[in-house]
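The structures come next, written out as structure tokens.
Here come two complexes built around subunit A, the first alongside subunit B, the second alongside subunit C.
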Partner chain A sequence: MITELLPEQEALFPVYVQKWTDIGKNTDRLDPEETRAIVHDFQEIVLLRAKTPVVIVENPIEAWIACNYAVMGHAAEELPGLLKEYFEAEEPPIQVASPVFPYQEGSFSTAIFSYYDYILTELKLDLGEELRKRYEAWERTSKLGFIYPLDNVCIVSQKPLEIHTDEEQRLHRDGGPALTYAGYGDFQIFSLHGTRVERYLAETPGEQLDLAYYHTLKNADQKAEFVRKYGVERMLGLGKKIDSFENYPDEEWWQRSEYELWDMACLFENVPYAPHLKMLNQTTKIWHVEGVSPECRSIPQAINFRLGGENMKIVDIA
Partner chain B sequence: MMRKLCLGDVYLNVFDIRADLARVTQRHISVDLLDRFQEQIAETVHARVTHPFAFQARRLTRRFVKQENTKK
Partner chain C sequence: MEQKIEASLHGEAIIKNMPGMKIPATAKLRKPSKEGYVIVAPSEEKGNHHVIDMLPGVEIYEDEMGRPRWMVNTVETQVRCLHQDRHDTRTLPPGTWELGGIQQEYDFFAEAKRNVAD
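Then we have the complex of A and B:
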């Protein structure tokens, strides 16, 4: 029984994290011959099924539409034409069922493979020939996109065309989609620092952002991304400071978070007073500006409001 | 639809491998170590890749189908 690691084995954790993160972010186009070989091994060795024709489509949306046609009895060779017909029709020619996912997501399933790759490679665990063969057939699917192994056909999605991340490896692109697939369905994911946002917030330059949009946002992370992009000082420059952490020298955590209470009534129509609490998130080190109750006239009242009416004193942040 | 697609069988067959792998690994490696591999390797990759990419791709696919079906 292995109960401890050598220091050099432990030092390799980040290497495996990086290896499988890179595989997850890989955007190489699929080679049809290699894809067929991987799928056929997966079908025969893992699923214990007969080999089927393999159809490669551009993205998970196309894959699901193709699944629907396949289940209706259409042959593999008909699927590309039917997809074209579906997406180019003015009205969808068929009613598509709610998506079901096989959770065989190829390059996106890398978390599980990183775990076993480390164990099998670094600890040289012997799985036995039969289990190793099954595992390796499964692991090879990490070269593909989403996989739908149906009885009569296996539908495989290409991987994304582009994946962009920030320095902390979070899905991120300021100015465009962070993740894009080719093909029909306009498959684009917009994300800023790991927070999914609408196209408008991702694509619009900060200096052109409309403050009215800020008020349509309900999600605190999206609001934080708006503020980060718009510029916290620029945003608050439109308001009036009501209270500041500087008035509470004994409150260590209020000093660290640099709490300020601002009246942002200028952003709203027919609202005489709209207090907002500005604070520096101690974990992410980004500025947040959050609306609080109009009854708040001071920082203690605003913090009390944020804590649901409780008078708690911050002693540490984990 | 799930039955017609036979995707449940796919899940079960892959689950069989995972169960066999778990049996072998737990026989030879302590649970504390396996927990560390899970937390420090697998969960980091999950947070960087599996969760953000796969979750969003599934979400977008569901949204697309929902929108399409309202057109009919």
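Then we have the complex of A and C:
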């Protein structure tokens, strides 16, 4: 029995993370023949059911509407036309049940598959032939979008047209939707650093954001994303000044930078004290505001923090 | 009274004036690069790195991780940004310098998210 991993085995984690992140972010259009083959294998080998017709739709919204029509008894070949009717009608022609998450998530399941892939490949777990075959049939579904294997039809969604992430692989796009699907329903997700936000906050350039919008937000993460984009420096009026360069007339560069220490805790949920150092860029004459350790109660302490805890004399700033 | 080390700040880069400092024996002299400069503070997002020009007479020493950590220059050199509109170019007189320091910033966005999660 394996009770711990060797360092060289642990060192391979990033390889699998990268491999499956890439698969999860893949936006290739589904090949109909390949999709049918993957679905049929999944139905027969994993679900132990008979193959059914496969209908590929553009996005999860279409997939759900198609599911509703299928459950009402409509045949697979009718579904594309019914979807067109549904979305192009002035009023929805049918009442649609509240959406249910799909039975299989396709490319959104890559976190699970990365785990199994690592264990099977690196730790060489032996599943036996039968179970291995089932696992591989299941793993192949990661090439697809959402999958609803109903009794008489399997509805498969295309993968997104675009997926945007930040450096930590969180859904993120400043200036547009972070995730977009084709097709009906205008399926777009707006997200900043993994926080779902309204279109306004994602699309509006920071300098054009209205502070009044900040006060309408209730969600702490959304408020944080607003502050990040709007700029703490523009929100100083909401904070409290703690210390000023005016108290240190002998410090030439503190004077030139017009350092001020502000408590901006009002902008951060569950943060009792959030000191920020305001400073003037000597070249551009733009104000910058940057957080310093909560242990800082004065400008000297803030400067000391910024310089890595070393007590230095600033002789030049550019 | 303890003499404070003098530091020049170029954006987030900290350049410490260390007159008379002995470069560690484990330091390795860096060969001049084809770009003619060494990056002392990278700018991942915009590529606007803070650099020091490696002119003849400027020696850059690396630490054990290959990072530029010390400079000994017998001629003036310059610290600048590749896109000069963000920070003025500054001249560094001959001397011995410690490089590689980056001004610290505390991330209250992460703190707030962490506190909410807790």
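One rule holds in what follows: the second predicted complex is superposed on the first by the 233 of 318 C-alpha atoms of A that agree within 3 Å, B and C clash if a C-alpha of one lies under 4 Å from a C-alpha of the other, contacts with A are read in each partner's own complex, and residues count from 1 in each chain.
In the analysis below, a residue touches a chain if its C-beta (ideal position, glycine included) is under 8 Å from a C-beta of that chain, and two chains touch if they have at least 3 such contacts.
Note that the coordinates shown come from a computational prediction; the quantities given were computed from them, not determined experimentally.
By the touch criterion defined above, A:274 reaches subunit C but does not reach subunit B.
Considering which of subunit B and subunit C touches more of subunit A, the answer is B.
Contacts of A:75 after superposition: neither subunit B nor subunit C is touched.
Touch criterion not met for A:11: it reaches neither subunit B nor subunit C. Within the superposed three-chain model, A:266 lies out of touch with both subunit B and subunit C [touch as defined at top].
Of the two partner chains placed by the overlay, only subunit B lies in contact with A:48; subunit C stays clear of it.
In the superposed model, A:37 makes contact with neither subunit B nor subunit C. By the touch rule above, subunit A contacts subunit B in their complex via residues 1-5, 13, 16-17, 20-21, 24-25, 46-48, 60-61, 64, 67, 71, 91-92, 95-105, 107-112, 114-116, 118-119, 123, 125, 127-128, 131, 134-135, 138, 146, 148-151, 160, 163, 165, 169-171, 179, 185, 187, 189, 191, 194, 196.
Of all the residues in subunit C, the ones that touch subunit A in their complex are 2, 4-11, 14, 16-17, 79, 85-90, 101, 103-109, 111-113, 115-116.
Residues 1-2, 4-7, 9-11, 13-14, 17-18, 20-21, 24-25, 28-30, 32-33, 37-38, 40-46, 48-50, 52-54, 56-58, 60-62, 64-66, 68-69, 71-72 of subunit B are the ones touching subunit A in the complex. Those residues of subunit A lying in contact with subunit C across their complex are 220-221, 224, 227-228, 264, 267-271, 274-276, 281-284, 290-294, 305-308, 310-318.
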